[in-house]
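Pasting the structures here.
Shared between the two complexes below is subunit A, which pairs with subunit B and subunit C, respectively.
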Partner chain A sequence: MTAARDVLRGRLGLPELAELRPGEFAAEVKREQLPAVADQAAGAGLRLATLFATDDGPAKGCALHHLWAAREPPGFVRIWTRVPADSPRFPSIAAKYPVANWFEREVMDYFGLVPEGHPNTFRVALHDDWPDGFPALRKAFADEQKVPRVPGNNPHPFRPVLGEGVFQVPVGPVHAGIIEPGHFRFGVAGEPVLYLQLRLFYVHKGIEKRFEKLPWRHGLFLAESISGDTAVGHALAYAHAVERLTGVEVPRRARYLRTVLLELERLYNHVADIGAIATDVAFAVPASRAQVLREGLVAIQERLFGARLLRGTVALGGVKCELTLGRRNELLVHLDRLGREFDDLVKLLIDSGTFTDRVDGTGVLGTQAARDLGVVGIAARASGLDLDLRRDQPHDAYASLRFQVPVEEGGDVRARLMVRAREVEQSLSILRQALEGLPEGPSFTPLPDALPASSSALGWAEAWRGECLHWVQTDEEGRVARVKVTDPSFKNWPGLGRAVPGNILPDFPVINKSFNLSYSGNDR
Partner chain B sequence: MFRILSKSLKTGVVTEKDPFSSRPPFGFPVIDFNSCTACDECVAVCPTAALQTDRPAADRKTLSLSYALCIQCRECVEACPERAIHPGREFEVATHSREQLMQRGSFVVDPATGRASFRGMDARPGPSLEESAARLKERIKGRLGRSLHVRQVDAGSCNGCELEIIATANPVFDLERFGIHFVASPRHADVLLVTGPVTRNMEIALRRTYEAAPEPRVVVAVGACGCSGGIFGEGTYASLGGVDRVVPVDVYVPGCPPRPHAILNGLLVAMGIHQARSGPGGAELAPQPVGASPPSPHRPLMPVLARGTPE
Partner chain C sequence: MSGWTHVASSTPLSLARSFAFGLLQAAVLLAVAPLLRGVIKKMKAAFQTRQGPPLLQGYYDLAKLLRKEPVRSETASWVFVAGPRIYFATAVAATMLVPVLFAGAPLEQAGGILVLVGLLALGRFTLAIASLDTGSPFGGMGGSREMTVAALAEPALMLGLFTVALWAGSLNLGDLVRTTAQRGPSGHPSELLAAAALFIVLLAEAGRVPVDNPATHLELTMIHEAMVLEYAGPDLALVEWASALKELLFMTLLVNLFLPLGLAASAAPGAIAVSGALYAGKVFFLAVAVTLVESTNAKLRFFRVPELMALSLGLGFLALAIRFL
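Entry: the complex of A and B
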């Protein structure tokens, strides 16, 4: 274990690197060293997984944290620095590492810390009528604080359109379909899209602040509601963080059942998305077949686990559901049938020329752009980036199961569709292994009554859309002081912005669907 | 082409004949007040304050349960030392007011032992289900026939409710057969189906959408969040809370998320086809003033099937 620490310390050129627990490292650096350490980390092949600030009270001030993910040796390295109250600024790395762009501006919006040298210091998360000042995630800001609206205080700068026949198409926040709210501003020349600007954060619910107010056990339910389609993914990431914080060992059976839950969530979302892609190119038969398959899955989830969308199944310390032998077999039979029908469905799609015409070469996100923007999950794997925490930093039962990580090179709608289709195959195999090898024993380890004081831990889970990260920090009394939630959507939305220009406007829905990003997870 | 055709023919009809026939293993918690000692154990584990106790006087205690806030996490069922909370299987809960989603039991506290014993249910404030239904009917007065155009508005949800709303349109539930269609513009809508705690950033958009809809613009609030703010709370810097904090609501469909069946039921309530129901043990339990003779002990409150058939 310490060998891994020494390797990482050497690569990052750091004098000290603490190993907080297996796979989690931290080092404090001087503020002005941040960019140099970032260069070292990026040069050594680490990727920036998240970036955030904390407010450690009036005595200590704020801190800024860069969390880097290393693949070999596997580990997360948190490089952090103090930001004293009398100098609320930090050096930006966004010009060199575009993945930091939104993260740093979010720190600016919610903590009032200035990213110095950031190429674009407009607000990202706060809307126009939010007054200046009022950093919502600072400790001095009360959760119930009423913040006045100042209309037109900070008008969002949309790119101007100039030239004959060039115009803007504003869409949202209330869309035509049943989807979440967000605003898209297209610059178009006839049908072709010249650029796409995103204005999100309409569904910002103050979740990170809310974590600080709720008892830590109730945080699990809040985690389930970060993005409803990723209830298991976020619940697991939060549970992992709390379990690592308390040093609780989750029993083997629970680890297997958690794997089953996470894969079921992947399955029902992937199947639904493939149907939705078919809907968006008006291919009705496979679309409704997919809907029926998806409905069959959520219905059996409800029967076996008590909730259609698998809410309330993950517990801190284990799982809250049981699976008897008979029910396990019922699930296996259902999955076998699903597997056969799913193969038919995919064949139906990719053998149809009218379908592939619409998805081939549509909405391309190149490998380099995906890497620069820090794109993760299915979108990354469809653009040739071979990342998957289930294999790279295995959680739950993944280390004892055999599976492949499908990667496609195309970066287009078809590639994202094919990554899903191939992942469904892998998921079915993982489910079969986990269900057949389901160990006996307890499904739960009770947690201590309190969290350790002045401590922090990272929890992660590779959910269907990509990695969910929860970083939980406690104060001197063991209360939750900060939870930083990173939903894969936050890193992938800029990827969508990059993939759309050059396509025609009518292809936007299908490109958007092929990413299927969460607004709620992004906005929190 | 042939493959597509044969696929469709082989599949046959997948639509559920009666979408209200399947019951979930867990709908909402049902309190058997006669076994309850108002001990506060359930209140401590409830993540959304759906369960609350109050001490109006030294010798009085109340316990209330609101489905508007309940996220169906089942914690209370496991926490109750008296086993007085049952997993109810009813899901077709839809009412016309927040109060109608709440029930409150009164307890008398024995000063010697400190033990509370159940005396009766408190009368629910506000109009009854029937009164509200009549009022809604009056408002829509024949303007909504047996066809309903629905504009869905996500005012801040986690997208769980959207997944279930989308599911109502899938081939299994097929809400179009009830004459219900989702439309793209509020200007074409009879009903706004609104989810989520209303966020500060969606408040204005929701108001505008509401104003854009033609009269009688019936509003159906969906989900624990739409009914009360749910787990996100009410009146935080970012979340205003339930939809009724911003626009008037005609029908409340609780649940986190409500099943597609429940959403369908809520829309049928808005059309006046189904009757509003406040859930297990709510409407059926006649309000009794405190001090009246308590109901016979150990009789659990009976969950009642939809449309009035006792189970």
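Entry: the complex of A and C
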């Protein structure tokens, strides 16, 4: 494995690169070197997967981490630097790498560290009435303290509207229907949208801070509830991190069952999303057919695993569920029927002229824009970016299964719909392989009593929406010191902001639905 | 062809009796209009393998809304309050000009096609103006969209009606119906084209897919619903009720202008029963057609709606032109 380390070290031009464990590398650099190393990494084809800070206590101060993902050789490289208490600032790379934009501002909001040279140093996560000088993720901030709110302390600057007949249309944060809160500010000239400004973080729950207060075994339940529709994805990412941290090998049977769970989650979400896209263009018949298929899936999930949305199925060290031969066959039969009905559904949609007219060329996110913004998952693959951690850095049983990664070039609503439709096909094939080849043996490995002290590990999972990353760090006593959660939505929301301008206002809902991003996962 | 021949020309009524008759007709249509929407909802639900709301849900909703207190924005002026009332009043007045069960309309001497179109335009105009009154962005957006669609739907409606008027040589809706009833449906291409044009107008005026989506909760995609988003309680009840009445009115126009089968010549209970049953059947048939269109189409991109309305307009023109061949 040192070969991979040497290749990456050479590409990044680093004197040292530690290999923490297979596929995970780290190097400390001087603060002022960060932008140069970023240039090297980006030049070598690595992409910024996440960016975060840690507070390592009064003695060591804070640290800033860039996490880069390399495809060949596969691996995650964490470049980090100390940020001493007497100089709470770090060089920004956002001007050159827009993917860092929200990440760096979030570090500013929650750690009080200033990104120097950032083109927009306004708050991203904290809202207007949060007082200055209360960085919530610093260790000195006690989460039970009462923070004195200051109304109007830091009013959010909305882009001014200029020109004759140009208006702002504010939408949200409270929406009709069962939708999470988020504020959208449109600049419109009649119906065409000139720009879209997002205001999120209405459902910030302090989850990352909460992880630090919980026993690490309980963290799994917290991970499951980061985004309700990605319970398995986040649970797996957290479990992977803890398992890598403790060096526990998950039994083969558990890896296969986890794959089954993750693909079922992908399946029910993709089917529901395709129906939701039809709903948003008032194509009611296929929409209700999709709902029937989705309901069939979550109902059988409840029967087989005890939870409609698969909560409580993943365990640290394995899975908490079993599949007997009879139930396995029941699932296979159900999936066969679903496959046939799903094909009919897709045909019904793409054979309808009025439907394709609504989705073709609507909400285009270009390949370059998607790459610059660090968009991941379905949205990335619909914009021509061939990214999928299941193939690129396989977790669970994916290395032993055959599947393709569908990529579409269009970047429009139709492309995102087709990526989903083709992924459903692949998921069905993966599920068939995993269920038919389900190995015998234990489905669980007990974990040690304690986490290793002063250590860190990354866990990842390619969930249905995109990659979920959990980076877990422990302190000198083996307690959780920091968990950085990166939900795919955090990187994809700016992609939505980019895809909407140039379209007409009534098309926004269907564009939004084709991304279907999580507010809860984004805001955490 | 006996069904066509027993229709006699209407005997002029006194103004007071005409007016009473008109009110009665409006009341009957007001009473059944929510049922029509319920029937369409039920049929749409069947297409979606759903059960759908009860047939009478429209009445429950109206009863609920009428009991509530109206919530109005502090910035709303009298225009906002007047909007739903004028909209409702114009819809009711328009009903009196249209023959429903009889071979004549209660107030047909008061005006014909032009008054009908004018009344409907007045109602729409008032509601659009009222939608701007509170300054909420959705209201103005909906109002502007409604007027965009109406600017094309109105001429199409007039062309379609004029084509029929040319056959009758009159602008009076009673004359139109009586002429068609006497000679029977000709099957002439101009009549078919005019009927097609008016069917598209019906979809637009009733806010149906592919023009608008009556079932959506997405404010940004709405046309009619966005325009009336600010209304609550009895104000909203008036808007909803008048919209349902308008939809029934357009269907009545379509069935009675092009298929005036079995209209009652007198107030004899037997004749009214026959006429009522046939009318219900014809409107139901049209409701099935609307359901089919709504279930097999996605809503058009808003900028494509003018193309559909232009199609309706084109059909209307063609109908008129063919009439002279």
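What we mean here is this: the second predicted complex is superposed on the first by the 524 of 524 C-alpha atoms of A that agree within 3 Å, B and C clash if a C-alpha of one lies under 4 Å from a C-alpha of the other, contacts with A are read in each partner's own complex, and residues count from 1 in each chain.
FYI, a residue touches a chain if its C-beta (ideal position, glycine included) is under 8 Å from a C-beta of that chain, and two chains touch if they have at least 3 such contacts.
Since the model is a prediction, treat every value here as computed from it, not as a measurement.
> Can A:509 be said to touch subunit B (first), subunit C (second), both, or neither?
In the superposition, A:509 touches subunit C alone.
> Looking at A:177 after the superposition, I want to know if it touches subunit B, subunit C, both of them or none. Which is it: first, second, both, neither?
Both partners.
> After the superposition on A, what does A:285 contact: first (subunit B), second (subunit C), both or neither?
Touch partners of A:285: subunit B and subunit C.
> Is A:169 touching anything from subunit B or subunit C once the two structures are fitted on A? First, second, both or neither.
second
> In the overlaid three-chain picture, which partner chain does A:445 touch, first (subunit B) or second (subunit C), both, or neither?
Neither partner.
> Taking the superposition as given, does A:367 touch the first partner, subunit B, the second, subunit C, both, or neither?
neither
> Thinking of the overlay built on chain A, is A:226 touched by subunit B (first), by subunit C (second), by both, or by neither?
first
> Using the superposition on chain A described above, determine whether A:354 touches subunit B (first), subunit C (second), both, or neither.
Touch partner of A:354: subunit C, not subunit B.
> Could you look at A:210 and tell me whether it touches subunit B, subunit C, both or neither (first, second, both, neither)?
first
> Check whether subunit B or subunit C contacts more residues of subunit A in the superposed model.
B
> Which residues form the common part of the subunit A surface touched by subunit B and by subunit C?
Correct list for subunit A: 176-177, 285, 288-289, 292.
> Which positions of subunit A touch subunit C when the two form their complex?
On the subunit A side, the touching residues are 167-171, 176-177, 190-191, 278, 280-285, 287-289, 292, 352, 354-355, 357-358, 362, 504-509.
> Under the definition above, what is the set of subunit C residues touching subunit A in their complex?
Counting only subunit C, the residues touching subunit A are 44, 47-50, 137, 141, 144, 209-210, 213, 215-221, 294-304.
> Please name which positions on subunit B make contact with subunit A in the complex.
It comes out as residues 3-4, 7-8, 11, 14, 22, 24-26, 45, 47-48, 71-74, 152-167, 170-173, 182, 184-186, 196-197, 199-202, 205, 209, 225, 230-233, 235-239, 256-257, 259.
> So in the complex, which bits of subunit A are touching subunit B?
Within the complex, subunit A touches subunit B at residues 127, 136, 141-147, 173-174, 176-181, 201-207, 209-210, 213-214, 217-218, 221-222, 225-229, 231, 285, 288-289, 291-292, 294-295, 298-299, 302-303, 306-309, 311-312, 320, 344, 348, 351, 518-520, 523.
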